[in-house]
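Chain IDs A, B, C and D follow the sequence of writing; residue 1 opens each chain.
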Amino acid sequence: MQEILDEIAQTMAAEIDRGKVADYIPELSIIDANQFAMSVALPDGRVYSAGCAEQLFSIQSISKVFSLTLALGKLGDAVWANVGREPSGDPFNSIVQLEHEQGKPRNPFINAGAIAVVDAIMMGHEPKECLAEMLQFVRYIANDENIHIDDKVALSELSCGHRNASLAHFMASFGRLHHPVDKILGVYFHQCSIAMNCQQLAKSGLFLVSEGVNQSAGYRVVSAQRARRINSLMLMCGHYDGSGEFAYRVGLPGKSGVGGGILAIAPGKASIAVWSPGLDTIGNSKLGTLALEMLVQRTGWSIF
Amino acid sequence: MQEILDEIAQTMAAEIDRGKVADYIPELSIIDANQFAMSVALPDGRVYSAGCAEQLFSIQSISKVFSLTLALGKLGDAVWANVGREPSGDPFNSIVQLEHEQGKPRNPFINAGAIAVVDAIMMGHEPKECLAEMLQFVRYIANDENIHIDDKVALSELSCGHRNASLAHFMASFGRLHHPVDKILGVYFHQCSIAMNCQQLAKSGLFLVSEGVNQSAGYRVVSAQRARRINSLMLMCGHYDGSGEFAYRVGLPGKSGVGGGILAIAPGKASIAVWSPGLDTIGNSKLGTLALEMLVQRTGWSIF
Amino acid sequence: MQEILDEIAQTMAAEIDRGKVADYIPELSIIDANQFAMSVALPDGRVYSAGCAEQLFSIQSISKVFSLTLALGKLGDAVWANVGREPSGDPFNSIVQLEHEQGKPRNPFINAGAIAVVDAIMMGHEPKECLAEMLQFVRYIANDENIHIDDKVALSELSCGHRNASLAHFMASFGRLHHPVDKILGVYFHQCSIAMNCQQLAKSGLFLVSEGVNQSAGYRVVSAQRARRINSLMLMCGHYDGSGEFAYRVGLPGKSGVGGGILAIAPGKASIAVWSPGLDTIGNSKLGTLALEMLVQRTGWSIF
Amino acid sequence: MQEILDEIAQTMAAEIDRGKVADYIPELSIIDANQFAMSVALPDGRVYSAGCAEQLFSIQSISKVFSLTLALGKLGDAVWANVGREPSGDPFNSIVQLEHEQGKPRNPFINAGAIAVVDAIMMGHEPKECLAEMLQFVRYIANDENIHIDDKVALSELSCGHRNASLAHFMASFGRLHHPVDKILGVYFHQCSIAMNCQQLAKSGLFLVSEGVNQSAGYRVVSAQRARRINSLMLMCGHYDGSGEFAYRVGLPGKSGVGGGILAIAPGKASIAVWSPGLDTIGNSKLGTLALEMLVQRTGWSIF
């Protein structure tokens, strides 16, 4: 495994077309595009890494997997009252679909859907309490108390969050949100600003590898069925309007973030985190996808 | 003329299907649907009326004609940088078109367009100053110092303004607004809450009857060309997605509001105001349209 | 009047940016873009012209005014069962709106609507009979037996008519057409291929100038109300998604065709035909619109 | 396995809400909704069945898996020049997406995409030859010479194929089809009219179970990578706008048809065919989906 990762990291270092760093969030636009890291966590606790796997980065939309998991734990299937389970066929921040479907987002991994999930989690609590709970949950599934929120990134997002505010107010106009829009967005922007390194991120996905159990930590996080269902949602909707392409090329459930990270799950085999800040035109890490494609070709881990 | 108006009012009193009062703004939903009023103002200053023509009502979107006129006066054609001049083919509060056209609203008479016009008028001023200027302008064109804003209605709109907030944030995300969204909306909701009666409203349209001049008041408001152009926009876009139907049946430039009022202009002939709070499914006054149709049949005032 | 036209023609001759000749119909793509002609027909029968006003051109979509008039004469308001009366807010050949509104076209002047009108006119007859009737009707309203169909253009359209075939089959799938699609399209393409010169075209609009009566010919074509309504449809929908702009700049009911012709009506004043084959990006004659704008500025014929 | 199937069949027999038989194709609308069959084919050649597993039915859109496989074999990745690989987020016969993406269908499993695939396969041949090749290929992968096309169903589809004709002409208008529309549709309708029973259908999917090899027949059909990729497309796009739901509930690559059949693949485990003619609102077999959900719960065959 270490050999495979080293080879991938070497190949990636030589890539010239590295995509474009997200430029609409000021704090993210200043990241150096030449960085690359990859970690593979096995159920037994071993973690293999290559590249700068201890370098923190903003997990952004990958956090949507964790907030969905938390929401399902707190509310069960009631989560699905205000968010769907279908691929959207639209960019991550599209509002067209919302108008056609009465303010109900297509899935929990596009922005509108993730905002609805935050609203579901809040349950009347203040943003601060809600964030504390969320952070505690992420530390729990990653079995790592050293995970924090990068406040500078959160503030940076707030300053340019008109599109997300538009999505939230739109849903609110259909009565789909139950807390003040500014409070929901406050939580949402902070959730997206959780900082992790590849090793932490890989470990945080272990419960999805082993039917809901983080084996190395020794506890169950969700039921086997729920783990499978979260995996299915990651495969169908985890890469916005590039989900089909990711399934075609990589063949693993995965969730990307505009910070350049991707979390991918090989059920029964491993949890994989990869990070390279340059994005393709759809907003998914360019080298991250390529690296996962290589890894799957070497390991035969495709679920298909 | 008085005879025609009396007959129309009598016919309207007998109508059973009076449409449905707008229910999404609390203060408007409690208005009695059985009311009807109509006033015809002639260039020489005479005003004929029937029904409760001194009853105040919320002019709502009719105010968009006045704010556009004010904006054109202050900025000229620069107004058109962030708002178009085409019918929208969509409901008054649709956001789909905004996404397809990079946040630029189709015309100044749909909500998004009117919000962009307010932003243009503000020019760095505070909402209070901006509203004072707007109110002064409306009093000026109507030549009536007794026109006020109904604060209760404005507050009522604020409490349920998520859809408009969504439209505003959406435009802001494309860099099309230059003031804080909450301040723009504050002005917008107050502008929509201007209260007038039919006599006042009819008089306020006189400058559009006589090529830009309010003859009875004795002053020019806009140039002849600008008056014609505002009339053309009223005809093309004044009744949202029912503009074609209004042109077909009535044949006059007109602007409706969800308060149940309509201002219609017969160029060279008269300015007409009609009010009946019940709306058709598109959001235009049901009896108001019918009354205008009758009036035009009697007078031959169609522009076609 | 002659002086005004001469001056306009001179100005147009000097214009450098003449737009782009329609290139999707082979026979139209070979027309010389440098041509220009304009004719003004007065109710008393006088016709003033400038430029190559006897040069035949393909009237294309202008024919939709004549087929609608014929359909209204044959079926009355039943025409409106399968076609609406609102501006579309979309390009002339868009199919999106059809899907959103169950195959019912927004108005009779976009392609889908005109195809529905042809279907209404056919009433079980064969294409040949239907075309003969249509041609006879156009000759009748223009009071000119020398109007023909250019078969070469019709064939040229058939060879590239996939988009219109798609629109027709789409409406048929909703049960909105009552004749075989290929027969309807045969009539439609031939109707669009009627050839006229500016003098003939201007005269063909006279019935819309004088409340339904062709005064110089001495007969009534439609009722006064119907003439006004056709004018209103021309204003609202006559220039596709550029109708608002045309109303704003010219202020007259008008219908354009991709052959570069425009028929405009100044109610009570004159019928105007203009031709210049270069189109703007929306598909309306670039110099034709400019020439009408000049004419209206000189004559004050705007309906607003 | 036999026990599981018997229990599923028994449960299905007791279901009251069986969905609605497709009514837009006359020949399909007369099928008895009370039928149910299920077959599981294992790589070693064993086939377990329950219900009327020898009853022929129209495979309809399931044929799109076979035509795509054939097209990839003939043209390789050139197939993707005119068809995408993303879920559509729209109904199976939507045309909106085509207009927004220049006539390129989102994936090979919606109608437009399958029509584009047929066009790719034809390569200048006549419909007859093309159909013969297609039928031969289906017999080859199912290792069964007794598979036929139901001409009555094909004719029935032709008689009501306006929507598909519209899709085809639309793509043709963008230059995306290279054969006459009527010939392409002829092949397409016949391909959809292939009749199979559950046993045959289950066997036809065996090459997708074992990395491209039909082990029981003893030959390779496609490469391992291609088999995985076809599976990924089935998962992402195989159930139209219900693909997310199918992945969530069943967790297997699958392709449904409006005839009520579903082919599902458990990689490395089994190929499963199920048939029940009643459909849910999206057009997928209601009991078929339910039966697969039960099967996966019993066997643990979910890929997630």
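Keep this in mind: a contact is a pair of C-beta atoms (placed from the backbone, for glycine too) under 8 Å apart; a residue touches a chain by one contact, two chains touch by 3 or more.
Since we're looking at a predicted model, the values are computed, not measured.
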item	value
A-D or C-D - the one linked by more C-beta pairs in contact	A-D
Distance between the centres, which are taken as Cα means, of subunit D and subunit B, whole angstrom	55
For subunit C paired with subunit D, centre-to-centre distance based on mean C-alpha positions, whole Å	47
Distance between the centres, which are taken as Cα means, of subunit D and subunit A, whole angstrom	32
Where subunit A touches two or more other chains, by residue	none
Arrangement of touching chains [line / ring / star / complete / other]	ring
Touching chain combinations (by label order)	A-B, A-D, B-C, C-D
Contact footprint of subunit C on subunit B as seen in their complex	84-90, 97, 106-107, 227-229, 231-233, 235-237, 241-245, 247-248, 251, 253, 267, 302-304
Subunit B to subunit A touching residues, read off their complex	94-96, 98-100, 162-163, 165-170, 172-173, 181
